[in-house]
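Following this message is one structure expressed as structure tokens.
Labels run A, B, C, D, E and F following the written order; every chain starts at residue 1.
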Amino acid sequence: MGFDLILQNILNPPVLMFLLGLGAVLLKTELEVPQPLPKLFSLYLLIAIGLHGGYELSKSGIALEVLKVLILAVFMAVLVPIYAFFILRLKLDIYNAVAISATYGSISAVTFITAGSFLNNLGESYGGYMVAAMTLMESPAIVIGLILLTLFAKRENNSRVNWGEVLREAFLNPSVYVLMGTLLIGFLTGEKGWKAMEPLFGVLFKGMLAFFLLDMGIVAGRRIGDIKKVGTFLLAFGVLLPVFNALVGIFLAKTFGFAKGDAFMFSILCASASYIAVPAAMRLSVPEANPSLYVTMALAITFPFNIAVGIPLYYFVINHLWG
Amino acid sequence: MKKVEVVIDSIYLSRVLDVLEKAGVSGYTVIKDALGKGERGIMAGDELTDVFKNSYVFTVCSEEVAYKITEEVRPLLKKVGGACLVSDVLWLMH
Amino acid sequence: MGFDLILQNILNPPVLMFLLGLGAVLLKTELEVPQPLPKLFSLYLLIAIGLHGGYELSKSGIALEVLKVLILAVFMAVLVPIYAFFILRLKLDIYNAVAISATYGSISAVTFITAGSFLNNLGESYGGYMVAAMTLMESPAIVIGLILLTLFAKRENNSRVNWGEVLREAFLNPSVYVLMGTLLIGFLTGEKGWKAMEPLFGVLFKGMLAFFLLDMGIVAGRRIGDIKKVGTFLLAFGVLLPVFNALVGIFLAKTFGFAKGDAFMFSILCASASYIAVPAAMRLSVPEANPSLYVTMALAITFPFNIAVGIPLYYFVINHLWG
Amino acid sequence: MKKVEVVIDSIYLSRVLDVLEKAGVSGYTVIKDALGKGERGIMAGDELTDVFKNSYVFTVCSEEVAYKITEEVRPLLKKVGGACLVSDVLWLMH
Amino acid sequence: MKKVEVVIDSIYLSRVLDVLEKAGVSGYTVIKDALGKGERGIMAGDELTDVFKNSYVFTVCSEEVAYKITEEVRPLLKKVGGACLVSDVLWLMH
Amino acid sequence: MGFDLILQNILNPPVLMFLLGLGAVLLKTELEVPQPLPKLFSLYLLIAIGLHGGYELSKSGIALEVLKVLILAVFMAVLVPIYAFFILRLKLDIYNAVAISATYGSISAVTFITAGSFLNNLGESYGGYMVAAMTLMESPAIVIGLILLTLFAKRENNSRVNWGEVLREAFLNPSVYVLMGTLLIGFLTGEKGWKAMEPLFGVLFKGMLAFFLLDMGIVAGRRIGDIKKVGTFLLAFGVLLPVFNALVGIFLAKTFGFAKGDAFMFSILCASASYIAVPAAMRLSVPEANPSLYVTMALAITFPFNIAVGIPLYYFVINHLWG
């Protein structure tokens, strides 16, 4: 297959910075990007794609086709955790099955962003509404997960799901809020607004992404030790499910006539797993589940896989289908 | 007076504070970022997810209040882990 | 009045980011910009306006008219806390009256900066010496406040004002020091220096301001709950005094023949209240005063009012007078 | 030996340290950022103004020194709030 | 149970933790950034070199374990400075 | 001598920002650049010179002359601590002599960077491989120092040097690792990679340096009080040894026919002392040595001297020899 694609993907500063961070941990250097710098970078990246996506929307306007994309996005965000749950139940108890399926039903903004700059390097682009799609895909999996929990798990009263808390965690978690807000701001302030924000939130984007991926590499590296504990079943799950999700996504994108760039970004959203929003929510509402399973899988298995192999792989497939 | 100290996963800090309020303490002090190790393994502080970080709280209160707190905190610790210490201190009236 | 002006002011990324931050608190999302990032942004903004102001001065040179502006600036910084004090005494004890009047006698750099970019968007500008004026207006109110205190309050010895400490707090607080220093650096290094600093401290300026205002929104939002405690008198005071101060400033600017842009920035300086330097000084020397009054008023009432309504309002007036 | 712990608004930390020095302690340990709640309301830490943040100090000293400290600290706490605890500890000589 | 507290230059924290592990504690809690003053002068925290910063650790353990720890920690403190406290606490079983 | 050179060097925003930071401490303002912001800036600077150096290498390619430079770099890194040790033994005990000589055998990246922007302002440049040379010069002094220790100090067993720990500290300390890694990344991604990273890691470079030097000034200022304790011998040592090292470096550069820019940067590397990597290593392996000696000398004496006087001085000499 497009081995050159893989190479071309890896030979990018951002991806290499991720590997550099990974190596820093494996070689036991004391390199770290101390808090709250990672928060600074992730906040920056969220604001940047939000503002830019909103600006793009203000140019394109909200066509019917946009709605189509958004609906399919939500559809996948609901579908994935359901089938993921039943696959996981083959081997896992309900609590961990719920937590992991929710993790894979949601998305990873950084994977999305890295894919975006990959596309960008190929001189292609995607619609600003894909950012809206991403935002919509972040939360549903949490709710689905907890519905599955209440359906299948019998817990003593004192640990019944606190739906108020859950819905807040799901729909008002910081990243969802910032993305929605900045999308709106970008949309409202249009050309003029973007011109003012572009020097910081546009021009510096790739550099900041590279900087942040260095930290991602370190954080992922710290979890690599836990992969043993995860076991072969979940290891395989963490690699194969993303690919499967991506293919389902590509299939839908094709049948509903997405543009090429949108299809690619959509497949990435389906393939990626959440290591921030969902883990936080699961900790609160499913403490019985073991975070060193679901966090490790999302962060140390699926994220690196998507960054290094998934992105070029999904693009390779799409390139064939869309030609 | 009694000094009650609690170490717990940051994400549950608010629940501990609720317990203290309900028990009727006159106040409490929190140190947000604490790392540690216990039955549930190392809490080394995860920059990204904040999932593996502890918080440390202590309050000075009467013996009865301290008793109330421990009774309330025990089930929480049983469920999500953590540590709770009680010791004797002298509270400087002012 | 120029309702379109208000709209045009609000439909700016920085102001909208402030509202986004405000909303984050009201909607109880856990969004935060953790320390020391706010310190990074405020330090950046101070350095940026300092260097740029100094550079502007190096071009314009220091004319007599500059002195005129600076003298009037100090005059207002001394006058405002005095009349503010006697208004406040109608309802408040001496200690809180002192703290609040000092707060309003001083200035808010971020308000100044936001006003600057508003002016900028209208294609107008102001003299670099206005930054010097701002610097001079930061401290006097603290001293005046404590003079009023020693005149009117009878305290037991152990809490006599420690003037050494006070004057240091007043004239060597970090923001005053950084502004003076960078003004000097910008002035000394002139064209060449600015060319080297501009990419970071000039080009990125608006983006950084927007980022910082997001945090300002969060911090202000956290105080909104305390507005109840403030009571209607102080609430009204927090809105009306700024307007009054601005009008006094505009009157002086007109009578002494300021340029339009300078007049506008001067009115903003008179209208704004300090929520950093002065509160810190008051905590130390007037512990009897209640910070959740003066901090809340400056941060949760006057700052948002100036950002959203004050800026276009004062400009509207000035636009009429200067035509 | 006695362990004296003080929680106070960060802005007054230096004053507490002066008290300790004057009382003649052999040393002290400070944790700069502590949040908390007490009579004077919540100290949730204000990123911008630093006005609502506590600091935590403890020192290990002899009984007499501890007494001196408490006598000096009491009026300060009365004025600006805070908390002061005294307890018994064993100091490892080295 | 005993509460053993150690304050030491951050750079030696890992060594103290090794001691605790070897002594067989059930867990420990660490607060990474602590400033302080002692025989070796002020530890005001050096942003650049991290050389002048302390860390604070405490563990709750049985008397024997506490004894083991102090025996192991004493020489380290003698060499690189620091402080070690032992006191009585009640450990809430859960 | 080129007094105008000194002036021209000092009248640069970065150097002036350093003085501003110094003054902030001397005037007891509470100005600070709180952790982890300094870590952010130093990490940024390391990545930036690494990527840029690697990019330069990818253009120039690795010629034999490059090897010559690298070998001489290592040679100096080994030689300096040895003669420094014997000079110091005249007055100091073995432990402090070891720690201080290791400090001066290693390098200071910020001094290197500041010298680079000085050169740059004169419209001259240096080879990307000088960054590689710097990287190679960071660690050897640590090893040499500990060899000297084992040779001359008789310690009781329990404090024998733990070589494993030492070598890790020496060759896998964060700055060495990041420099090597980013050099490689810059080299591999070449033109295309640099174009993507340049907006953040190239264009903003001088501004970030100025920002960081403000903090360096503060940190250095905090140590100035300890200069008394250091005593006249070490004070003189902290000023004269760098000059001597620089001259040795210049001599070697001349005899081996370095290009002018390379010779200048090489002399800076020889003259500068480490205040991060080496102190950390010495704390661990030579606790008997007093850090308020070696840290103070590197940070509060040698660093400011090089920044203010050394840079123009060494350039002045080189300018004569290379004409």
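Going forward, contacts are C-beta pairs under 8 Å (C-beta built on N, C-alpha and C of every residue); 3 or more make two chains touch, one makes a residue touch a chain.
As the structure is a computational prediction, the values presented were derived from the model and not from experiment.
Interface note: chain A and chain F, two copies of one sequence, contact each other through mostly non-matching residue numbers (shared numbers fall below half of all numbers used). One finds 41 Å separating the Cα centroids of chain D and chain F.
Averaging Cα coordinates per chain places chain A and chain B 34 Å apart.
Averaged Cα coordinates give chain D a centre that lies 20 Å from the centre of chain E. Averaged Cα coordinates give chain C a centre that lies 46 Å from the centre of chain E.
Along chain E, residues 31, 75, 87-88 each make contact with two or more other chains. Among the residues of chain C, those touching two or more other chains are numbered 33-36, 39-40, 204. The complete set of chain-chain contacts reads A-B, A-C, A-F, B-D, B-E, C-D, C-F, D-E, E-F. Of all residues in chain D, only 3, 26-32, 60, 87-94 touch chain E in the complex they form. Those residues of chain E whose C-beta lies close enough to touch chain F in the complex are 9, 11, 41, 44-52, 75, 79-80.
Chain contact summary for the complex, chain E toward chain D: residues 5, 7, 31, 33-39, 54, 56, 70, 73-75, 77-78, 82-88. On the chain C side of its complex with chain D, the touching residues are 33-35, 38-39, 42, 158-159, 215-216, 219, 222, 275-276, 279-280, 283-284, 287, 291-292, 295, 299.
Per the touch definition, chain A reaches chain F in the complex via residues 11-13, 16-17, 20, 23-24, 27-37, 40, 117, 121, 203-204, 206-208, 210-211, 214.
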